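First the structure, in the form of structure tokens, and then the observations on it.
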Amino acid sequence: MELSHINEQGRARMVDVTEKTVTCRTATAAATVNVSPATMEIIRTGGIKKGDVLSVAQVAGIMAAKKTSEIIPMCHPLMLTSVDISFDLTDTQIMIRATVKCKGVTGVEMEALTAASTAALTVYDMCKAVQRDITVTDIMLLHKDGGKSGEFLR
Amino acid sequence: MELSHINEQGRARMVDVTEKTVTCRTATAAATVNVSPATMEIIRTGGIKKGDVLSVAQVAGIMAAKKTSEIIPMCHPLMLTSVDISFDLTDTQIMIRATVKCKGVTGVEMEALTAASTAALTVYDMCKAVQRDITVTDIMLLHKDGGKSGEFLR
Amino acid sequence: MELSHINEQGRARMVDVTEKTVTCRTATAAATVNVSPATMEIIRTGGIKKGDVLSVAQVAGIMAAKKTSEIIPMCHPLMLTSVDISFDLTDTQIMIRATVKCKGVTGVEMEALTAASTAALTVYDMCKAVQRDITVTDIMLLHKDGGKSGEFLR
Amino acid sequence: MELSHINEQGRARMVDVTEKTVTCRTATAAATVNVSPATMEIIRTGGIKKGDVLSVAQVAGIMAAKKTSEIIPMCHPLMLTSVDISFDLTDTQIMIRATVKCKGVTGVEMEALTAASTAALTVYDMCKAVQRDITVTDIMLLHKDGGKSGEFLR
Amino acid sequence: MELSHINEQGRARMVDVTEKTVTCRTATAAATVNVSPATMEIIRTGGIKKGDVLSVAQVAGIMAAKKTSEIIPMCHPLMLTSVDISFDLTDTQIMIRATVKCKGVTGVEMEALTAASTAALTVYDMCKAVQRDITVTDIMLLHKDGGKSGEFLR
Amino acid sequence: MELSHINEQGRARMVDVTEKTVTCRTATAAATVNVSPATMEIIRTGGIKKGDVLSVAQVAGIMAAKKTSEIIPMCHPLMLTSVDISFDLTDTQIMIRATVKCKGVTGVEMEALTAASTAALTVYDMCKAVQRDITVTDIMLLHKDGGKSGEFLR
């Protein structure tokens, strides 16, 4: 088995997808931010308007999805047609899900992963003044569909 | 306790650091990529030149550190003076450490976290054709120094 | 009536346009820069080469049109196929018109508006040393065509 | 009187500010979005969470302030130390104020103007599906301080 | 003969390609970095891992290809489907070749030229501490195919 | 002699300049665009307004200088305080000179080289419809001053 991103000189390339078929692609990725109960309480109530931290994280994730091919060197530029992000909160976890779609020749899993992890880091940034040991874990693909390799469901 | 990123109207702002003192700041952050032993074997040997996946991840992480204030909405722009990234490999884990420095009025932990997580996602991207269920975990601050809040060491 | 940019959790999303039809889209937007007669005289003659301020504004507007989806958070990325900007000068007004085209699934009015307003702010920037109270007004859509909602003509 | 942005060959340059003194700079700029009473009602209540359109506009304006030197060709890069945006709503107008600060050798009025106008265009973008003839007017500097040219107050 | 990039007002425009046909496009461009034999020896052996300078240059060139429409003002945005870069070394020259492909309405020669010249400048940057008079020469198109104007082969 | 950009693991890093002294830095770089006499005639007269190709190239070069640390992976971000570009024309050559200044801890030669080469590629782009075999040559540093390594004058 070989890494398709490595060329004949043993260095990286952007894989040739010129001949691949345009299909509808979708991918959902997750990321989890782990905070203390005290921090979660502040996220829920600390802003005058409930949940503002999450609003900023949402915008950050959506904008990051569009920047994926600038951030991940071997990613192809893609014309995303949909980005949506949701948050589920427990007492100590913010579970983020990002779903991205496009019509194109390559999948959108890196876009979904970039959206989820950027939303997570944005939550971290806005809460780091009140808790210094926040972690981000479980960045993973949940679902992917539309390409030659078939559906993936974790 | 309040979130400093929330303004009087309850919406986000970029916190005012105009009056803070310029000091040398440093931060080290970590991220872990979890792969199968088979994938790790390919990372180690699959390119003609050993370790090329990690070279690309390194460049990606360094460039992402410089983009942090474009990606994380409330981050202040900073003139980074050093970015270095190292990799430690076990049979199933790539442990990434990113150390960032600057002389400035705010810390560089978001830059270190962005560098580490981007390097991790780049490894994911270059290996996803050979393994579909890679995860990224343990994105966290390891060390921080130079600001008013004192040293942090996990 | 609902805002299509708001998702089920009440936060912003990039609207799903995956199933929309690709058609030729065009939009023309306007912006007006209001200056004193003295400033206008300098714009007309102050550079060694007549109109250089407008040349820079033109390039700025064209480049900004291409950046629209990076600047306006919920805008879809689009492959613009044409951007053109024109200027009409009176004694105290620079009236800017930007026309943008693409073949795509969403309209290009935000691209035309971003081009026109960026060209206007660039004129402002290059003249602010000679006049401190310049204003930009009348940023608006003049014409739009090619989408499901039909032609719009102000 | 001459335009400082024009060089000896009659073309644009980025003005030399190498010898200027570093001081604290602040600027406040305004922009107004004009909507129908029906659209304003939707902005106030249409999202599940009140005011979400404004949250997105706020993030967009803050991020645009940081991008100013990429958008306005002759602007110097600056290390912004504060960006804050507020909204005042009447029945038909959203009045936006953006205040930007930095310690640097040039003023931040273009950053404040870019923040205000981008926030305005973001409101436009999120409401254009419900009203097609929104306009943005009165983009102007309200206040500026900290440079050699003294305080400006409209 | 006229420059298609100049509009009726004598200023630049992004040429209208809305009606052009989508075809597979490919272009190969070259750039040469001229170094001393001593510098070449360091490039070949100076890093612990042979050729690391070239790995960084490769990533830089690929990422720059994707940024072309942001850097060259009148270039159309394009969805690149392949970018590959190779290096041939003599005692005093690094000859860089960049090949870019897309399916689109305009050619990719500017993307190939931008990739090659950015890779060249990256080699320069990483070696400038050991040699101050490096030059980059012979930036040129080697081959182009897929458009209305037919094949070009130098 | 060693490449300072290579870290202990043999991979690239952004060199640590935290402890270096802030001084005024200046650098001038050159690039030459080689065209046919017919193309040069069109550049001189082909636009309605003489020299518009060069106006666009000038803006492109200035904006590229500000983007250098995004394009060249190991470049430090710098707060440029001046960018100026001039053109000298013979019958078959456009000789471009870019001068960049900043107050900072590292030199600005990469910024000057990036400005000059981007201006050259922009001329190429705007003329490629009338001549297919344009070349860019002689990208080189002409002068550099302000750092620890002393003045450099070619």
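In this document, chain identifiers A, B, C, D, E and F correspond to the written order of the chains, with residue numbering beginning at 1 in each.
Throughout what follows, a contact is a pair of C-beta atoms (placed from the backbone, for glycine too) under 8 Å apart; a residue touches a chain by one contact, two chains touch by 3 or more.
Bear in mind the structure is a predicted one, so any value in this text is a computation, not a measurement.
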Each chain counted as touching chain B and chain E at once: A, F
Taking contact as defined at the start, I'd like the list of chains shared as neighbours by chain A and chain E. B, C
On a CA-centroid basis, which chain has its centre farthest from chain C's? B
Could you check if the interface between copies chain A and chain B is built from the same residues on both sides, meaning over half shared, or from different ones? same
If you take the mean of the Cα atoms for each chain, which one ends up farthest from chain A? F
I'd like the Å distance between the centres of chain A and chain D, where a centre is the mean of that chain's Cα atoms. 29
How many angstrom between the C-alpha centroids of chain F and chain B? 30
Go ahead and note the Å separation of the Cα centroids belonging to chain E and chain F. 15
Which parts of chain D, given as residue numbers and ranges, touch two or more other chains? 8-9, 11-12, 49, 51-52, 55-56, 59-60, 63, 67, 70, 73-74, 78-79
Mapping chain-to-chain touches, which pattern fits: line, ring, star, complete or other? other
Which chains touch? The pairs are A-B, A-C, A-D, A-E, B-D, B-E, B-F, C-D, C-E, C-F, D-F, E-F
Which of the residues in chain A come into contact with chain E in the complex? 7-9, 11-18, 20, 69-70, 73-74, 76-79, 104-105
Seen from chain B, its contact residues with chain E in the complex are 49-52, 55-56, 59-60, 63
So in the complex, the part of chain C that touches chain D is made up of which residues? 1-6, 8-12, 38, 42-43, 46-49, 52-53, 55-56, 59-60, 63-64, 67, 70-75, 109-110, 113-114, 117-118, 120-122, 124-130, 132-141, 144, 149, 152, 154
Of chain E, residues touching chain A in the complex: 24, 51, 54-55, 58-59, 62-63, 65-67, 78-87, 101-103
